[in-house]
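Chain nomenclature is as follows: A, B and C, assigned in order of appearance, with residue numbering initiated at 1 for each chain independently.
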């Protein structure tokens, strides 16, 4: 506790960095995953599943370090970690996005068509809103894992909350490591609660009281 | 905040590539000097001394600390993304020339100066050292009458602990056998090397010589009469963006820092759990390098 | 093959495949750590998840756990455990850390497996005079098995990719090749280690997925009952 109090502003700074490198990938990754889930034709579903599954299985440490060599990004700075995290969000969100759209009842879709909606209207006004619960559920999983995986970035020089683990382990300061774990969990849970709230606000009909006759 | 940092890095890269000719201008420039450090608390303290002394003289500094190990940051140094980095002569030489044979401090320094990539300079090295060394517990040393690495030749069942890469280093198991006729099996112990030695998981360990736990735990550092290890003095590596005036400031820091100073600062980091900035500032003030 | 540049040379080098830190040994260690951690987690998670599902007590616990489990940074957990328990217990620390991240998906799998059983099935089992013990053993466990195996699939993926961190605390596993390879700038070693990890992750996931489908198929169409 003593260490935590003495270093509170330092931890706050690391938390800001941590959020700044993870929030972007969560948003961008989610949007890309939703787009992918929509544009990939049925016959390419299985190959896509294999490719994304393989990307998801790449150890984060290896991916962080391989990126500068593979795509010519800068060696230092957060770019590599940001790109890698975005890839993980896409791979994890893609499957839940497909499921979410798959669960929209066929009857609703055909009814909407019959009402004269075009594909764009159908997507924006029917499919997307109805898929929100599933999408939010997937996003909550992706966001929690992203906050957690971002700590590995410290091994390749991104000074986020993971720094507390490496430094605390070298200097044998358990409070430093525990402060890091708690900070990571707190921001992950805060994001999780935020996403849950967004989900509630976006689906007002689910909270409405059903008037039984 | 993040964007400005990226912009700063981008600008500094541009500056190194485009206006390298102006690099020797004598006034402190507005453009920040990017200082890096390893993900090693002791290295971060040294980097912080450079940063503070430069800031004290009116330079703008951009701290890019805890950039992992050499495999991560040396490419960044080569690419001009970092301007100043505290390094260790022997270990850095071995990174560029894996089979380097120099072991004495001056020879290592000369060889390093020659092997650095274009655009990078080794500034004056410090008397402070932080080099690989083989250590055993006091009990193990007295039981087997050990003072030098050579004494190990008659001991059976040696297990050497160290970072995973020690297995392949010239001073690792192969070097021990070739130079001293000592046979060891290797156990990768990562960041738990000293604890593993104390716990008896290994019976000899590769520990950096400035590690405070050598003193605290009364470990015995075996002497190295045949020069298995390269001397490894603290040495600042600078890009052309570091001006002659800035270099003078850094040289003064290097000259003032003794091996004991470095250990003492490391002790403060581990025992008093202070941040690198606090330890570096106190030391600079004690040496009269800043007020 | 040895002529194919850096990669081929490394694959043919002495010590690449055999010895304490040879690929075979590291692969075996990686799989062993994964399996042991999953088993330890299963011993706790399956009874706990089924208990919660059966009684309905502690449901909030299962739901809260889902998000938290993915958020816990394993590297920090691992370092904290090694530091607090001591380096002598590093194997235990690794297994504990891995088991902790495997617990939530396994509990969730067991829980949802039990809660999704149609109430009628349970009632008829009770009506036939089954004790609670028999009900759990002969009705709930088999019916929950596909969902349980689904939990295993998620736990496996998390654990097998986290074992990569074990070398940071002085153990082996395939992460050793990544961490040593990075320090030595041996990219052939890093690449091969990463590819092996990807292959075992995907293979394991596919096998567990196959097990899940078999368990489902057995429940949907019990072949023995088709022809009286």
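Basically, a residue touches a chain if its C-beta (ideal position, glycine included) is under 8 Å from a C-beta of that chain, and two chains touch if they have at least 3 such contacts.
Which chain is which protein? Per UniProt: A, B, C = Unannotated protein.
Because the structure is a prediction, the values reported are computed rather than measured.
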Longest centre-to-centre distance from chain A (Unannotated protein), chain (CA-based): B
Contact-richer chain pair [A-C vs A-B]: A-C
Inter-chain centre distance, chain B (Unannotated protein) versus chain C (Unannotated protein) - centres from mean C-alpha coordinates, in Å: 40
Averaged-CA centre spacing for the pair chain C (Unannotated protein) and chain A (Unannotated protein), given as whole angstrom: 22
Rounded Å distance between chain A (Unannotated protein) and chain B (Unannotated protein), as computed from the means of their C-alpha atoms: 38
Touching two or more other chains - residues of chain A (Unannotated protein): 65, 169, 172
Per-residue overlap in chain C (Unannotated protein), given as positions that touch at least 2 other chains: 82, 179, 182
Touching two or more other chains - residues of chain B (Unannotated protein): 71-72, 191
Residue ranges of chain A (Unannotated protein) touching chain B (Unannotated protein) (in the complex, touch as defined): 3, 6-7, 10, 16-17, 20-21, 65, 68, 74-79, 154-157, 159, 163, 166-167, 169-173, 176
Residues of chain A (Unannotated protein) that touch chain C (Unannotated protein) when the two form their complex: 50, 53-54, 56-62, 65-66, 69, 140-141, 144-145, 147-148, 151-152, 161-162, 164-165, 168-169, 172, 174, 177-178, 180-181, 184-185, 188-189, 192
Chain A (Unannotated protein)-touching residues of chain B (Unannotated protein), taken from the complex the two chains share: 1-2, 5-6, 9, 36, 39-41, 64-68, 71-73, 75-76, 79, 81-82, 191, 269-270, 273, 275
Residue ranges of chain C (Unannotated protein) in contact with chain B (Unannotated protein) within the complex: 20-21, 82, 86-88, 90, 167-170, 172, 176, 179-180, 182-185
Touch list for chain B (Unannotated protein) against partner chain C (Unannotated protein), complex: 69-72, 161, 163-165, 167-168, 185-193, 195-196, 199, 201
